[in-house]
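Should a chain be cited, it is by its letter among A, B, C and D, assigned in written order, with residues numbered from 1 in that chain.
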Amino acid sequence: MNAAFQQTATDSKTGDAPAILEMRGISQIFPGVKALDNVSIALHPGTVTALIGENGAGKSTLVKILTGIYRPNEGEIRVDGQPVTFASAQAAIDAGVTAIHQETVLFDELTVAENIFLGHAPRTRLRTIDWQAMNSRAKALLTALESNIDPTIRLKDLSIAQRHLVAIARALSIEARIVIMDEPTAALSRKEIDDLFRIVRGLREKGKAILFISHKFDEVYEIADDFVVFRDGRAVGQGRLKETPQDEIVRMMVGRDVENAFPKVDVAIGGPVLEIRNYSHRTEFRDISFTLRQGEILGIYGLIGAGRSELSQSLFGITRPLSGKMMLEGREITIHSPQDAIRAGIVYVPEERGRHGLALPMPIFQNMTLPSLTRTSRRGFLRAAEEFALARKYAERLDLRAAALSVPVGTLSGGNQQKVVIGKWLATAPKVIILDEPTKGIDIGSKAAVHGFISELAAEGLSIIMVSSELPEIIGMSDRVLVMKEGLAAGIFERAELSPEALVRAATGNA
Amino acid sequence: MSTVSTHEKRVIPDRLGTPFRRIAASWEVLLFAVAILIFIFNSLASPYFLDAWNLSDATFNFTEKAMIAFAMALLVISGEIDLSVAAIIALASTAMGAAAQLGIGTPGLVAIGIGTGLACGIFNGVLVSVLKLPSIVVTIGTMSLFRGISYIVLGDQAYGKYPADFAYFGQGYVVWVFSFEFVLFIVLAILFAVLLHATNFGRQVYAIGNNDFAARFSGIPVERVKFILFLLTGVMSGVAAVCLTSRLGSTRPSIAQGWELEVVTMVVLGGISILGGSGTIVGVVIAAFVMGLVTFGLGLLNVPGIVMSIFIGLLLIITIAIPIIARRIKVMSSR
Amino acid sequence: MARLIRKRETLLFLIIVVMIAIFSTRAADFATPENLAGIFNDTSILIILALAQMTVILTKSIDLSVAANLAFTGMAIAMMNAAYPDLPLVVLILAAIVIGACLGAINGFLVWALEIPPIVVTLGTLTIYRGMAFVLSGGAWVNAHQMTPVFLSVPRTPILGLPVLGWVGIVIVLLMYVLLRYTQFGRSAYATGGNPTAAVYAGIDTGWTKFLAFVLSGALAGLASYLWVSRYAVAYVDIANGFELDSVAACVIGGISIAGGVGSVAGTVLGALFLGVIKNALPVIGISPFTQMAISGTVIILAVAFNARRERNRGRIILRDRAAAEIRTEAVV
Amino acid sequence: ADIKIGLVVKSLGNGFFDAANKGAQEAAKELGGVEVIYTGPTTTTAEGQIEVINSLIAQGVSAIAVSANDPDALVPALKKAAQRGIKVISWDSGVAPEGRILQLNPSSNELIGKMCLTLVKDHLDGGKGDFAILSATTTSTNQNIWIDQMKKQLKDFPGLNLVTTVYGDDLSDKSYREAEGLLKANPNIKVIVAPTTVGVLAASKVVEDKGLVGKVYVTGLGLPSEMAGAIKSGATKEFAIWNPIDLGYSATQIAYRLVKGETDGKPGSEIEVGRMGKIKVGDNGEAAMADPFVYNASNIDQFSKVF
């Protein structure tokens, strides 16, 4: 039996009152990934428990189990000491669990009030939905969050940050004893975070058990009482935050020295390769200029929704900028489509791997050769041997782990999927590679590999744009960093000037 | 070039399992088994079934629809659909009829028939891939529009008087019992199988159907491919119009009424996922035979057409449901 | 005001009004209240079927079997009426609703439990249900004189100038409005189609919701079958042939997104009325019967194009609002 | 049975053809050793009929008697049948001469056209006034012939004014709307004549619903069983139809004689048709059976039970 399990189950050294909710020996297996491995944790009333772990450690998976979206392969959940099964999301809600999910899973076409109250709307005496009560209660909830969003407008008319507030309001609208927050602050500015924390403290006083997930240590120390650290799907440590210094937690999280995760190699940086002048988009970004030199890694940092992905996609020809100039190796070019970009040697590794990067049901080799079919075919006819050869070359170079090259990409783990995406672009021999959140949702081993690989590509003379929301990644990997805020450039920082404080200040507009 | 990892090199095989096992587990094999069963049933049920000429006559039941189904299969794999195919036949046939009245010869008529199909395909293609409208509703619209034009032109009239040699496409035989239509069907089946399974274009069709974002992000000209597919479907409807018009020797605006759903049924029965991304031409070919065999077999027993369609409907639902149920049972027993 | 005009429904309503105005210049008494009531009455069945279709489309599905369901159910109750003239009408109407709902439940079950795509399921049941109508009747017709007078007369009895048929249409519209706006099921339907993942997260059983939508669609088709058979005083296998596409067209014209989750009862009703007005007007203003089909096709394409154009060109709010604000300040300066 | 005769109809589930089948079965029993295969498509399409004809050819029937959905489209299929030694005749709705040996008209087309006009005249006060035609689909062969005949003979009926012709496609709802539109657009119309049952039924429903009974009349060709309601409501005073039982009977008889080689069916020949006596084949290869018969309130009850 796992040591962590014994710890929680037997002597509940964390928390004072008996646990409201206990998870014992939970395992969750996805094709190719064991997202959770025999995890046991307990949540106590009046306590904020921080769940800490690297990307892909399994935090969100735990949340989804607790909210009835996944059914774990092994283990049991107890509420008030009674074993329960969360057969559906509704069952979890009925058992008193509410959650703010990491992705804002809401309804564009419904109103704000409805997004908040869907599934538990106030009813009239005739059991019909009471829109008036719903709107006024939604208004009250949003006001408590210091937001003046009109509850009757449709969600599609809100900004990303406002959507997050709606998601928070939704979680709070459910009368629950257990409140789970999966990175609720990621898209919020400092003021909104303060409002949220005020509410969290209120909940704690009312005796709710709160599970709080965040990558930001300052926030964790500010709001949480206890902590649990996940690494590679296992609970590797827990305790009281007051008694545990940050570097100890970081060590548990990463399992080794942090610097290793960012094997930045110093390379000689050459002349300008890509110059962007006054790039503007009608609605997404405005007036962006920068220069990318050979062998350079240009980081782009910002809050979620700052417009980084849109900027990257317009460089790749997915969306068209309204105005601005692009120069590649000194020549001005215009890019109308991804085909143009690929021909010019600019490629893009998208943020949403599953949605934009891969055709998940198709085999690995077919995904790998998709942009370079002209290389593996003759006169438009496919040649399987050539395709396998090309796929094998990059699979081996990236140390891809797969049962065969003909298995669907969807069966691979996140890190290996990312390798396929990167591999398919390397096969086109690009000059500039744009990586949008290259390590999002990738497990720790693959992550270091991806970082090492990025460094190596730079060393080979490739120019790299790396969009990332992760400060350590940005700081660890970039030669220079462009910070974006609400679609505008908020500053460019040289490597020497990089510090978490400076970047966050630029990205949020306050300290 | 060095590798990043310090791991020793592992060899990833190209494929898993033997070719035989891969094929044995496929939809096409299931469907083929169904076809064989129906064949056996038919031979037992009717003494007239096993006769070369009778079987040859029976192929006319499906050859024209199957020609459209090949193109429709590609379209459905790419995630689109065209419900206007039968209306295109009507319009193309009307155009040929009008031309025939003007004394235009057979080659001209064929060109006009296929050309009309092409024009209709382009029209659909523009609406879907340039204006980005949802194909299922757009083609419900063009379905009325195309046939409507036929009605405006022909009204209660009919075109007849096609040149004598025009009859060859629908009534001629290449060798022995093999009709021109059947031979064309086989040739087109091979062409479409090659196009879908052995060319870059076919690969792009699959990629678009599996994930058209990812396809776009991989530099595939998604709109252009879809446009070409609509155009191809239009052309194939034009070809089917030539065959059908030649076979009937007359044109009325109500020609080929209701064929769109039969073509879609054939495509779906052939194992093409209506959600896009998977399926093969072999499947469609077998489905064409299955539908032809069911219709002909029941026809020999003088079962009314509408009762046959019950069988086709059941066949459709059951053959789609079987693999799903089988998978369920497998998952349940593995739990 | 600006917001009012921006609404699709208002626009569609205006278009219908303009159409009626144009038609009445060609046919003098086209715009009289009696005639308009007549058109509404005539369109009621399409409205009911379109509302049935809408509920299903909202959940990201489609029901191509509504018309076949109508044909089978209509045949079944017409035969019941002919065979047992003593059965009270209420029983027959209930039977129609129940039979329709059962056929809908078969669709719903296949979609829910086996997760077969709805278009495949209903493509199959479309032929099966109509075929069953043939098997049931042996192809024979049930004619007016075989039906009881009550069976025939109730929907055409006028109340306040509008026949009961029209009133049934109005009641169904109101019920559907309440159902979709004020009940858990209605909102679940929007959620299921609007964002299936989010719906699951919100505790909605999306499969069950689809099932219910199909059952409802079937029940409404069943009700429509009685209205149809009684209105046209005949039942045969081919009744309402092709009506499934009309019902989809009405939804699309009314702004229901075929991708699910978007649309309103008012839109659907207006979409159906739009088709109804055209269908009724063309014969009256002497448009050749042969051009009618092309006209309705063109109208559908234009409606789809129009709806889609309004959906596009959305961006993120921050810059959009900023751009709008700048334009406004520029205008002031 | 050693002689199999395929009786192919425009569509199954049509009362008229079911009645014709009754007659055909009667003839078969009378002749002995004959099996009649009653078949047809379920919707009135030529493509459907071709499939049915192909399966009859495959079954090796001795004769095919067809009522065609399209006079030209069936010709190739029927020629193929003839090549395989099958005797082909058409009845009711004809096939182009190349496709058949002879065509058996239920009555002569002139007579039917005249009958329709007479019915209209009888419904009009003083035999004068406006009327309109509500037909089936725009492609139905015999309806079109009859409408042609009516137009040709209109000069013999001074005072009758044909306003327009509309098509209800043999769909109840479309016919209903067309009839409604007709009356709205042309308030002077006093009679609607529909040479198809669906049309007469739909138009009489409109007359009834609009409260126009006694002001506007509907007449035309229809089956007594289907028309009984319209007569009862008063929307229709009288209508006509030939006897479909006799038609099916005669078609079967003729097919039998052709198979037996008792006649070649060439123009000018006379064919023995059992209880119907002799039928003479005209110069155009067409034969006519008998005059249409008029039904009204006095005899409708009796006949609506028969067909």
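Keep in mind that, in the parts below, a residue touches a chain if its C-beta (ideal position, glycine included) is under 8 Å from a C-beta of that chain, and two chains touch if they have at least 3 such contacts.
Because the structure is predicted, anything quoted here is derived from the model rather than measured.
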Please name the chain that ends up farthest from chain B once chain centres are defined by their CA atoms averaged. A
What whole-number Å value describes the gap between the mean CA coordinates of chain A and chain D? 74
As a quick test, compute the distance in whole Å between the mean CA positions of chain A and chain B. 43
Report the inter-centroid distance (CA atoms only) between chain B and chain C in whole Å. 30
Which positions in chain B touch two or more other chains at once? 151, 155-156, 253, 304, 306, 309
What positions in chain D touch 2 or more of the other chains? 12, 42-43, 138, 167
Numbers and ranges of chain A residues touching at least 2 other chains: none
Pairs of chains that touch, anyone? A-B, A-C, B-C, B-D, C-D
Residues of chain B that touch chain D when the two form their complex: 46, 48-49, 51, 54, 57-58, 60-61, 151, 155-156, 158, 160, 167, 170-171, 244, 247-250, 252-258, 295-296, 299-300, 302, 304-306, 309
Touching chain C in the complex, chain B uses residues 127, 131-134, 136-138, 140-149, 151-152, 154-156, 253, 261, 264-265, 268, 273-275, 304, 306-307, 309-310, 312-314, 316-317, 320-321, 324-325
Spell out the part of chain B that touches chain A in their complex, as residue ranges. 1-5, 7, 9-10, 12-16, 198-204, 206-207, 210-211, 213-221, 277-278
Listed in rising order, the residues of chain A that touch chain C in the complex are 67-69, 88-90, 92-93, 101, 105-110, 114, 118-119, 121, 127-129, 131, 156-160, 162, 281-286, 305, 307, 486-487
Parts of chain D lying in touch with chain C, wherever the complex brings them together: 12-15, 18, 42-43, 138, 164, 166-167, 171-173, 176-178, 180-182, 184-185, 198, 201-202, 205, 209, 225-226, 228-230, 232, 304
